[in-house]
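Common to both upcoming complexes is subunit A, partnered first by subunit B, then by subunit C.
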Partner chain A sequence: MNETIERAPLDEKVISRLREIFGVERLLTSQTDMMTYSYDASFETQLNPQKPQVAVIALSTHEVSECVKLANEYKVPLYPRGAATGQTGGAVSTKGGIMLDLSRMNRILEIDHQNMQAIIEPGVIQNDLNLALKPYGLQFPPDPGSANMCTIGGMVSNNSSGLRAVKYGVTRHYVLGMEVVLPTGDVIVTGGAKSKALKSVSGYDLAHLMIGSEGTLGIVTRLRLKLLPLPVTRGIVLCSFERLESAGEAVNAVFSSGLQPSAIEIMDFNCIKAVNMMKPELNLPVDNEAVLVFEVDGAKEEVTSQVNRLKKVVEKYATHLKFSDEPNECEKLWQARKLVGAAVGLLKPGGFRVYAGEDICVPISRLPETLREIHNIAEKYGIVCGIYGHVGDGNMHTGPVVNSSNEVEMENVQKMVEEIHQLAIRMEGTTTAEHGVGIVRAKYMDVEHGPAMEVMRAIKRTLDPNNILNPGKMALPN
Partner chain B sequence: MKVLTPEQSMMTCVRCGACRNVCPTLNITGREADGPRGRVLMARSMLTGEIPVNQEIKDQLDRCLLCSACVDACPMDVQIPDIVMLAKEQIAAATEAGTYHQPGVKLNTTHNDIKKTPAPLRSVRDFMFEKVLSDQKNLNQVGNLLWFYQKSGLQSLTRSLGILKFFPEQMRQMERIMPEILPPSKRKPHMEFTPRANRKKEPKGRVAFFQGCIMDVMFRRTNDNSIKLLSKTGFDVVTPKDQGCCGALHHHSGKKDKTIELAKANIKAFEKAGVDYIITNAGGCGAALVEYVDLFRDDPAWLERAKVFSSKIRDISEIVHEKGELPETSGKGERVTYQPSCHLQYVMKVKDAPVKLVKTIPNTEYMELPDKKYCCGSAGIYNILQPDLANKILDQKMEKVKQTDSAVLITSNPGCYLQMKLGLHREGMEAEIETKHVVDYLVESIERAEKQGH
Partner chain C sequence: MNETIERAPLDEKVISRLREIFGVERLLTSQTDMMTYSYDASFETQLNPQKPQVAVIALSTHEVSECVKLANEYKVPLYPRGAATGQTGGAVSTKGGIMLDLSRMNRILEIDHQNMQAIIEPGVIQNDLNLALKPYGLQFPPDPGSANMCTIGGMVSNNSSGLRAVKYGVTRHYVLGMEVVLPTGDVIVTGGAKSKALKSVSGYDLAHLMIGSEGTLGIVTRLRLKLLPLPVTRGIVLCSFERLESAGEAVNAVFSSGLQPSAIEIMDFNCIKAVNMMKPELNLPVDNEAVLVFEVDGAKEEVTSQVNRLKKVVEKYATHLKFSDEPNECEKLWQARKLVGAAVGLLKPGGFRVYAGEDICVPISRLPETLREIHNIAEKYGIVCGIYGHVGDGNMHTGPVVNSSNEVEMENVQKMVEEIHQLAIRMEGTTTAEHGVGIVRAKYMDVEHGPAMEVMRAIKRTLDPNNILNPGKMALPN
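After this line comes the complex of A and B, so read on.
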């Protein structure tokens, strides 16, 4: 980890070459601009924003390639960035250098509905693609909570996923191929340069090496995505449980009954409280330890029958139960889950919700135990937090609420996060299920991966000998 | 009322980026500093004294359209336009005082050289706000002059003489799209009471009509039609005589005292009217009226009165759609599209009432405008101060309008109306695409059906 590489300062020569590539309007150098490129959505960069030296806004693969070549020639660090909604500091500079904003490469190039695929540039927003697919009755399923604002390039680089992952899987499952600018500036297409095949086992699967590499191995400039039919309708079953353990049993029972919900979401007692504060009309039972929200999707009759079966299975464990297969009513019930992220902020007057320690994942069987442990840790540090997450795959989002002017609290929340991450590893889980490593979880990489970490470093060195792409992340060579 | 003050709400931004995908300026340049999240951060750094007041920040903040799309998208209720305004006020104060330097300078390449607005421009602006806009009589006189200017042929004279060349390009274009001002004889005060058209039916409610200042001079016909529409859809309409300007423009240029004065006068005028609702036909005014409550946070007596007042504000499309009964209508077999007013959709939260009404008209085909979420740039000072960005925003909007292949472009606010006309004028499409306020479109459809019925 201690390899260091001589770096040339970002002198006027580099700047003027960048100006040739991007023109004056898309080369930003002012301190004000740098300030606005010093963060993403992570707590870490809110505390420690880090400015790049310049930022450029790319519009084409050619520009990206020229920019990477230049960075490689001068050994200047280069940071790819989508919408900077990441929660790990992944798209933030750690060593000055060039910020490469890819959010304007946002054209949908082709919707090939016959072959169930779409070709897009990386800056397309998830929701914008889905709006464009709707008339064709198609969808791009990975659904992070940030679908309205995150770029698909960012999703691919982080291998993002959302609450429907339990049925539809993660971003990785929908990438058929991609165009990548390598750290040398060379451009390759993986997944078959000219192929439109939906399946291929030809050669090393380089696309899948790139997916989840968080901008450290290459810059994605074009994507070929697999699409699925859009489900016609959805149904919701919302139920609450006196004890966490019975919620866990209910989930097991559902799986063993052969049902395949499209989402299974859990909210703990604090989340219940918070949602009630925000939407009193939802009137969730307050004396319960957990609420589960099941979603099923499909054709109308299918949904109705699934809702009924689900109801029967969970009834035994639950104290309260609401359900619907009618769109407006479903929307209302679903609000309970949709609002929780913002609602936890209400748990403490004047406080705000921190995104840290927010993404652990443990085996489903150890969920109740883990939830209790997290609350013990929080209590130890005197921090209020709400926990919600995707029970279907054991992924939990912890939402601590703090007062930013209270220094003790700010310190304590960081200690608490550290313990939560250690807890996840102890429970045979991982520190991050969908958000990624970036800066904030780099320190757990060696513990989580052991000797495999050395293989990762070797790959990085091979593809990026000058270590220019997103250095300082993921515990790769620095 | 907004839960948080701008000062509080700027601290609650979690940088999630949920506001990114609705911002018209960010959509053009892709530059983080041209988006809401960047603006909050810049303004906040300056307001908390982390960085000094400087020209770079002023230039950046001036690019915000204050359209509020970001507020609507923000899960934390961060009041971006208010925060930008607050920062701009501080910059203005620092400029006046000549103290742009603040202790604790951290920025290494700070420019402390804020350019002042040239004196004559400032005094004209102040005169506009102090005297003209806040006094209906004065405004009427300006209207009369404008009318005389248009009617007397002076307009074509100045046009052909090229006097307008001395104006910047934007001014010249604006001048060409100004609506025709009605002669003074047709701009007499509105009737104080207009009963519902069909007296045999129970009234749908008693409402007051807010006429607006510029609206009543430049868009007098739309105002007349608004009263007509309310009456024809079953409302008894009061138009209080002593109402005045809403104060939005004063507020947006930091003239708080004057804004409060105007607000109090309006609250009083409409209390006397004794109505269920107060109706506006301009999203911009409506939004300002809804926000009166925020002006009186520290004045409990007026706060209560303001709350009652603000709770009665409704947009005309909203009330007609929800409570009114639209008589028979008939279209011309044309295709229409709609550009929402930002203040209407984002501040008053009236998202689709105008469309729902238009869709009920037989023989009219409605086509959704792609990317209608983006502000059009709302004709006004922004066009003159930020010509480059304003033109790009407008060009893109026109591109989308063309895609719909519509014959009529419907709007719901005078600023949007003018901007759309300007856009069509620049594209040379005025002949093919007509711009219309939704009220005028509805009244024409009603009158067409009435004629056909006879």
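After this line comes the complex of A and C, so read on.
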């Protein structure tokens, strides 16, 4: 447990400068406060929480910049943090130092509906932005499962996505520009210093270097986001398949027919079981290996048409099929998918669901074999798990369920996770589709990227010569 | 004219090594060949063609890598080139050296329809790829006007887009990974060395640093592209507006209604005139300031529904309106937009259309005032021009028409271009939405980007310490 690591206290000059920048009320030093900042939603940091030495709560770009300058001058590690809903330890201090809490920089500065843009601070919660956009008939599409809690700054740092990435793409596609505090404390604006253009190819697009860099290259302090029209309504087709392979074929047939669903979700047989345990009235067919939930969106007539086309395509492969283009009925059908993350915990009495090895992605064609192989690995280690995910992207969330008091199980689940990650790479996939690297997947970086890692490290050294920004993550310089 | 620049001949050792790498047949040195490589589609290089000292035609990554290593060893400028359809001088040698022709690395290596991906060499023409994808019901959406000629490597280097970016986004959104030869000659693969995943957040996404870097950071030798389902059919609504402001309001009303057209194109009064001159039977209403052409796509029923919704929204603002969901009729309505690039040349007897100042982008809300202001500037300099473009993105193509034998006009058009670029920046826009910087817009980089330029330059120096790759472009180190 890293809690016991002995660190020399931070230089008193650093503390005193932090006090000047943030005032006494936003400079936190108590051990209780440090404990709060010592983990995120990852299994790893739940097992091994890691405390910063101090935490500060920023309210402005100026404060962030001053804090970074100070950290750079004294070579103190600095860890930016949003809502800490991440599952990789990305927002946790691994080397003591300063935790920089950005969650209160949460103002929506402008909704420019005419220009289909929003200007926000990084601490704005995804769902709060979308609620504010609704009256304008607009949306910010990337929709991680944690949308009710996660900050958009965190989404940008991890290039998050979610259910609807199959139609709407990932966070990257909605960032037009950003204000960034560099590891030197200098402030830049990407995508044009004063631009509100929706499209630009002027210069290197530094936003795209920053997006997904998990706070290792700069701290986002302002975002200019691209918005899309909010679809009028949605339709659902829920269908089940005797064999995984038929589910894969159905997905392919849907794409080949020219349909572009807004979500294509899969749940395996264990998820079906779990959902039925949690909500028996949903009554998902239990003799099936997989359930697919397709969502389409658009205006009423278009949704009805798409639901009908979808039905026609998938009914050749499916054993059972339910559908609707009525909002209330859709909500019910969608419930099965919505509940699954919580439901898998029921697969084992007294068990809890672990977030580890939970984000692999493989080519769609290799999904059936990958799902089977994960269950083989799980069986080998005596672990129960339910698998669900964004099948249209090949992204699967494995949900192992363990009993925390069972030490063997706690060890076995980690071995299982290691094998799942190796499997993903062997299947021409990746260890992480949307959650990120942080500390939990750093060890796979060299094998995934080969010589490209040296370019990443060279860029890190160029922008952060003192390696102060979120050090110890992503297999960058330590 | 730069043709007359005296350069010391390339070191005989360099020539002899190039001969070893490429053989005598693919090492070109004659002045006629050098002339062929001395310009692209920009006005600037038509006025001032710039010859490389030698040109080589690459057929493999190995050859590219060997050539780059050689250039790096002898510090010889190296200019990668695709089809040279660019309008910025980006693919033209400004410092002599070696021209590296990639247009014959044009194999489609794999169409993996199950995984919605294609693996190609950079010299593949956009339209050739889409023809090959059609039987699978798939498409590579980015669609520049030069789609019949331009290479996808060039599109990636410039982050090109086109008519349908308003729905489908830009080239960047379709690059999953790439093989890149770095300025040292080392070869990396971005997005996972062996990955075929559709989504990944593992590591910095170096592809996104390379995309739009105009060949200054690396040479793309292989691309892994994301494909989308090809829509079944399309529908068109063509409408005209007494005043530009009403056209802007119509665009806004369409977005607010939840519609997502696949294209929204604008033509100003001069374009209307020009199109009527070229094709009188189109009979566009001449008493109007603007025509908008909306395209929607999907299955037949959905297109019909969208066309009806569109009509209902825009008829409040428009003076005339035509529409169709029948392919033949749509083709006719689309013609007006298709012809406009060529038609503007008719605005002035004996004139030709110049590609300069042709790619600005402003916030949608400022389009009417920007269009009016461009015509004011044009009038001041006595230049006729037609303006058209992708109004849904705020991207306008100004088409000035001049007589090349009129020296005053040739000077005035350049002054006009300068003012158009300054106007774009003043309107919170950019000098280039999709064509790039190259040499023609390098001088605006510092004003557009401010301190962010220093980060671009630092990255350039890190990856290309000898500044051999496409030097003299984008206001990077010279």
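Going forward, the second predicted complex is superposed on the first by the 469 of 478 C-alpha atoms of A that agree within 3 Å, B and C clash if a C-alpha of one lies under 4 Å from a C-alpha of the other, contacts with A are read in each partner's own complex, and residues count from 1 in each chain.
What we mean here is this: a contact is a pair of C-beta atoms (placed from the backbone, for glycine too) under 8 Å apart; a residue touches a chain by one contact, two chains touch by 3 or more.
Computed from a prediction, not measured in an experiment: that's the story for all the values here.
In the overlay built on the shared chain, the residue A:I125 is in contact with subunit B alone; subunit C does not reach it. Of the two partner chains, subunit B is the only one that A:A41 touches; subunit C does not reach it.
In the overlay built on the shared chain, the residue A:N328 is in contact with neither subunit B nor subunit C. Using the contact criterion defined above for the overlaid structures, shared-chain residue A:L28 touches subunit B, although it does not reach subunit C.
Of the two partners, subunit B and subunit C, it is C that touches more residues of subunit A. In the superposition on chain A, A:H173 contacts subunit C only, with no contact to subunit B. In the complex of the two chains, the subunit A residues touching subunit B come out as 25-26, 28, 30-33, 35-37, 39-41, 45-46, 55, 57, 83-85, 101, 103-104, 125, 127-128, 146, 148-150, 341-342, 345, 352-353, 355, 404.
Residues 11-12, 14-21, 29-33, 37-38, 41-42, 45, 51, 54, 56-57, 60, 73, 75-76, 107-110 of subunit B touch subunit A in their complex. Residues of subunit C touching subunit A in their complex: 112-117, 136-138, 158-161, 165, 169-170, 172-173, 182, 186-190, 192-206, 208-209, 211-213, 217, 228-232, 252, 255-260, 298-299, 301-302, 305-306, 309, 361-365, 390, 393-395, 425, 428-437, 441, 444-445, 448-453, 455-456, 458-459, 462-463, 474.
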